[in-house]
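In what comes next, chain A is part of two complexes: it sits with chain B in the first one and with chain C in the second one.
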Partner chain A sequence: MSDSAHREMWEKLDMDLEAHDALLAVLGTFYGDIYLSQENRLKGAEYLDFVLSEVHGLRIKELEQAKAEGRKVIGSFCVFVPEEIALAADAVHVGLCAGAEAGTELAEQLVPRNTCALIKSFIGFKMAKICPFTESSDMIVGETTCDGKKKAYEAFNEIAPTYVMEVPQTKTAAAKALWKTEVLRYLAEVEQLTGVTITPERLKRGIQVANDKRRALQRLTALRAANPAPISGRDALLVNQISFYDEPIRFTTKINELCDELESRIQAKEGVTPGTTPRLLLSGCPMAVPNWKLPYIVEGSGAVIVGEESCIGTRNSRDLVDESGDTLDAMIDALVDRYMKIDCACFTPNTERLDNVTSLAKELNADGVIHYSLLFCQPYAHETLKVDKALQSEGIPMLSIETDYSMEDVEQLKTRVEAFVETLA
Partner chain B sequence: MSDSAHREMWEKLDMDLEAHDALLAVLGTFYGDIYLSQENRLKGAEYLDFVLSEVHGLRIKELEQAKAEGRKVIGSFCVFVPEEIALAADAVHVGLCAGAEAGTELAEQLVPRNTCALIKSFIGFKMAKICPFTESSDMIVGETTCDGKKKAYEAFNEIAPTYVMEVPQTKTAAAKALWKTEVLRYLAEVEQLTGVTITPERLKRGIQVANDKRRALQRLTALRAANPAPISGRDALLVNQISFYDEPIRFTTKINELCDELESRIQAKEGVTPGTTPRLLLSGCPMAVPNWKLPYIVEGSGAVIVGEESCIGTRNSRDLVDESGDTLDAMIDALVDRYMKIDCACFTPNTERLDNVTSLAKELNADGVIHYSLLFCQPYAHETLKVDKALQSEGIPMLSIETDYSMEDVEQLKTRVEAFVETLA
Partner chain C sequence: MIIGLDIGSRSIELVGIVDREVVHTKQVPTTFDPLFQCSELLDGLRPASLVGTGYGRNLIQQLDLGCPCSTITEIKAHAFGAAHLFPEARTVLDIGGQDTKAIALAKGKVMKFEMNDRCAAGTGKFLEYTASVFQIPIEEFGHYALKGENPPEISSICTVFAETEATSLMARGERPENIALGLHKTIIKRTVSMLNRVGLTFPLVFTGGVANNPCVRELLASALKITKPTDLLIPATPDMAGALGAALIGCGQQ
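Our next item is the complex of A and B:
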């Protein structure tokens, strides 16, 4: 696809071409520095490079083609929005732009300054007209996972109509019942949007496709337990990031191929860094494309990242939907159960997460954990203290990082991360 | 009751006497400056002065007496915890300390620094052992109204066992069903705590007592529409603050007496300030005792406060529970309906609040509104922008203040408030 065809498409989507060009230019340089500069990269990383380079190009073209065929595009910002339902209705389920400092000043007209970078970013991307996913979406789905997003969707709704799902705050039977009602309400909404009646067969297929994707990601996670680390944390994060944008069946095939390559590497005891490299687990807030700041700093400090305990990581792939049900009701119950297993900090209590972080750190043979909170993200800031305590009791050291998307604190973070890595060597 | 008897009681409650003495000394000076210095005060204010001076003394003695009689004390931090149920079980329902900068450094061991002052305060009061209400409580009830409190209760629970009610985030039928389940779960918990079976007669009485208190507060609100203002905003805020601590039947009688006095004043066209004084409505976050900082600044700037649109204000008194039901189920439904009318910023959407703020400003003949957000309170910070827009469309000017409990910004706030008041004169 030629550059001019891309531009024509973006123009049709009513994007701001000049601002978007500037974004792509920065992104390109950034990607070159952080990704293409890596040594001992996997052959399978070529696919990642290609997908990322065409994430605003060919992938959007695919969405346009899907729409031309009468299919619908559903965009969301959170792992609580059930992809299975979109897939069952033959819709395309995509993540929306939220990982770069873009349009921040515009966003601050709609939300308070003390709002986390991710929220400001998704509002900024929309206001600056530089997210082709948002512009391509026939439906945008929000949720009530934190005060910041919950209230921001009210403002966002004025510029981009947003359907909001209520995620409960506990995991009691009554809370689960509320979530089931919300899943059913969403299913009806998707049926209305797409004109597709979601039959048991369709939902079964949707569950299978989403589960297959999760199984591929689980395979990748498990392989990273090997020493030396067969893949960089940056590349593994990219896989998780791309999982929100790419066509799911193709993605699953490609990630399984990448895992085949990892297995050969592991057998040959090859790695991206020597076996003596300190191994770190990242834990906390999601890192949306192109938020590679901390992984770049960490892997530039003589450590290697072996896992991401976050929504753009194991939190989204750990739990499968039970596939044994054959009726719509059984499958909906299976969906509800699966989503209520998510150990998001939005729940109270959320002790599962403490168990999950410590067991993941052990499974992946991590020497330490870096807990990552976005500034002003209250749920994860609160859990930082608890995760630290849980890890301490298992003798696993932790460093807490609170930051945003700006580059102002890079030197300071480097110093702190390097000092932490030194203690692990 | 002698001072030494008080001290003995506090010691029995395992309070830190030295730290508590220091708190009372500061509070006393503060109260003298802010309250006792007022001119044209009501005769009924003597009761307020007395209650406040004995809030940690005689009132705690009353709680101890109630406990000696086998009654239970239930403490809470939020207007969503149904007082009617405690009253029905012959328990004492009280608010807990949360309005002063106390034990902040201790609190920051349990919650992030970027936590609002109210939350840090309730944790600090407990850790510093200076809140006799917390120490007297047989049960502490939290709720999920914001991320900050929701997650803070997890930490608080480790030092003071806390029962948490899930308040939903929308007002859909499913959300209401969740809330009904939570009300019933709480009722069962209170029955177990108290050993009292809550009969329809008991609940009816509880509803009546709570409604009578609200009716007295509604009467006070309505009388403040008069010009000149018959009561200072500080004294009216104190009435609302005391409503969380005082014995409800006595309080209702006293507030109705105070309203009688106000009516005489209004008839005589007497006021606390001249009829030309700019009239302001405060709107936003609750001001817990002894958080009088902003009212003092406002009324020291040549304005008078004529209403408090907050949880310690009209948000807690505006809606009554329907009293027509006779069965337990009908009364529970009435309770659920009443509590789901609360226009807390925790709900999405929460457009009722915009209507309520503008209509209240008009009813009270306010010349302007000061929107008050506690720093790091995300729900109210988000709504600040919306309230401003709603008021603007009605031609009502608004000033937005974001602050905490420290005195560092007093001069800066004074300058801003004075400038705002000048534009209204």
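Our next item is the complex of A and C:
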């Protein structure tokens, strides 16, 4: 997937070159089968293909260049870690690797076997030394969004020093106050790491850049309401995945270009599939690169995915930070407000998610919803039942899928997804 | 003739239909060469169209039949087959070799379904495996279990763990017929919970190979407190329901 010229860089990062080669080979085959085989693909997808082919190459080189210029790299695992603060301190904010069954056996030395695939994967990537993002990070930020994660960071901290933000579990005023202190504590930590004092001007700029990125993603989401679907769910998921890795200003420009292309397609009534294709919304757990198993199965079963209600999806882009504040305190409050709107299943109660899922399904003209939860992910597994009930009362059919990153259940998943699509046709 | 071919994990069934009347049925074991078995089944037959279903449904693309071929899932196929045989059916239970499915029907169409995850717990495979532990042919295992009286509680639905439990019960001197009955009961427990999850409404049609097992039939009827025989409907050849459904869908596509 990537040029051998990067080998020296990977070696310097103390990565396991042999294991990394094997990972890239699998990823390359996977990408070819799942992405490059698609028909009626957009011109703008060339950008996606290029970014993904260089995700461990040129992008890491950019991170190394940034570091040579004295900038810091902050790696995180969750949409709760405010990117605006990193941007304000002129740091690079990136998502870290998870999404593949890599180093799982190694990870089981640090966390129990019955831990969700995402946690095992991020620990596995680090232990197997195959994630250049982790290795390039000057700071790794965890968060307490579930018991599995909060305990995993204790273990992870032993192999990669991890700063943890405490995410509250309710949306009361007290919880909001707690989150504000956490945001301020993080801001001070970032200032210390980068040596940059975050001024109102700097934070305003950070908010602007992050909001622009979200606005581009919102534009993409809205365009997918069109029938026939102008973009495949796989490509749209890739856009959402890349939003965690690529340089934000470049990403925003490229995605807006992609949206221009989508608009002309919609005007010409062109789609990736015929207008009669059943339209599905994916909802639930995040799908990190290269977790494309379910979207591939769904779109191979004669349906098209028109939205992702997940952290690598609308949960990351739905809400903007209010840009009207001019003082640091007003901007911090705006940040806190925005982040407290995230309807992560870690919150109790979390009724707003039920409203958000149903309204998103309607906005996108979805015929049904596939609820995806990772095996051993308790919060989303619990909400599966609630989401099903909420959708049922609106007459929207839902299929619940619980799986992990392995391929052993592909055939059974195909049967279930195909049968669900048959009921919609 | 329009053919429905149900390529299951344990057996392959063929149903041929002319003018919506069944004119030909045949069943063979799947073996490790299902493609060869399919060719044998189809030998001498010249279908106008063929609909494949079951876990091996995509194999029909390799058959080179020279007629229109399509696939549907076994969920739709069993629903169609069951609704054709019993138009009043509201729920379908299909226990096959590898999967159990509970399907809620409305006007003969699938409204909702539940299916086991990757593990074949509580399916035909479970019975086949435990029967082999008793060294009893699978066809006779149900009759054997019906001789049991006081079934001990077997808590595990996992095939391997259930065997461990059965072995330790044998070591304690429990009558083997009772253990066999206990093993059948574990299947029922799991099946009933799956049926409840799709919102069980009667009449219930029971299809798939396991519906041939008299002990499973009896235990299911008693677990569901069925008093009217019209609430639990079992086709004369329950394992053919999927192939029948597929053939009927083939007629609709004509």
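Some notes on this structure:
What we mean here is this: the second predicted complex is superposed on the first by the 422 of 425 C-alpha atoms of A that agree within 3 Å, B and C clash if a C-alpha of one lies under 4 Å from a C-alpha of the other, contacts with A are read in each partner's own complex, and residues count from 1 in each chain.
Note that contacts are C-beta pairs under 8 Å (C-beta built on N, C-alpha and C of every residue); 3 or more make two chains touch, one makes a residue touch a chain.
What you see is a predicted model, and the numbers here were worked out from it, not measured in a lab.
In the superposition on chain A, contact is made by A:378 with chain B only, not with chain C.
Looking at the shared chain after the overlay, A:423 reaches chain C, while chain B stays out of its contact range. Touching more residues of chain A than its counterpart among chain B and chain C is B.
With both structures placed on the common chain, the touch criterion links A:191 to neither chain B nor chain C. Touch criterion not met for A:263: it reaches neither chain B nor chain C.
By the touch rule above, chain B contacts chain A in their complex via residues 110-112, 114-115, 144, 146-148, 150-155, 164, 166, 168-170, 172, 174-175, 177-178, 181-182, 185, 345-346, 348-350, 375-376, 378-379, 381-386.
For chain A in complex with chain C, the residues that touch the partner chain are 397, 402, 408-409, 411-412, 415-416, 418-420, 422-423. Within the complex formed with chain A, the chain C residues making contact are 55, 72-76, 99, 109-113, 115, 117-118.
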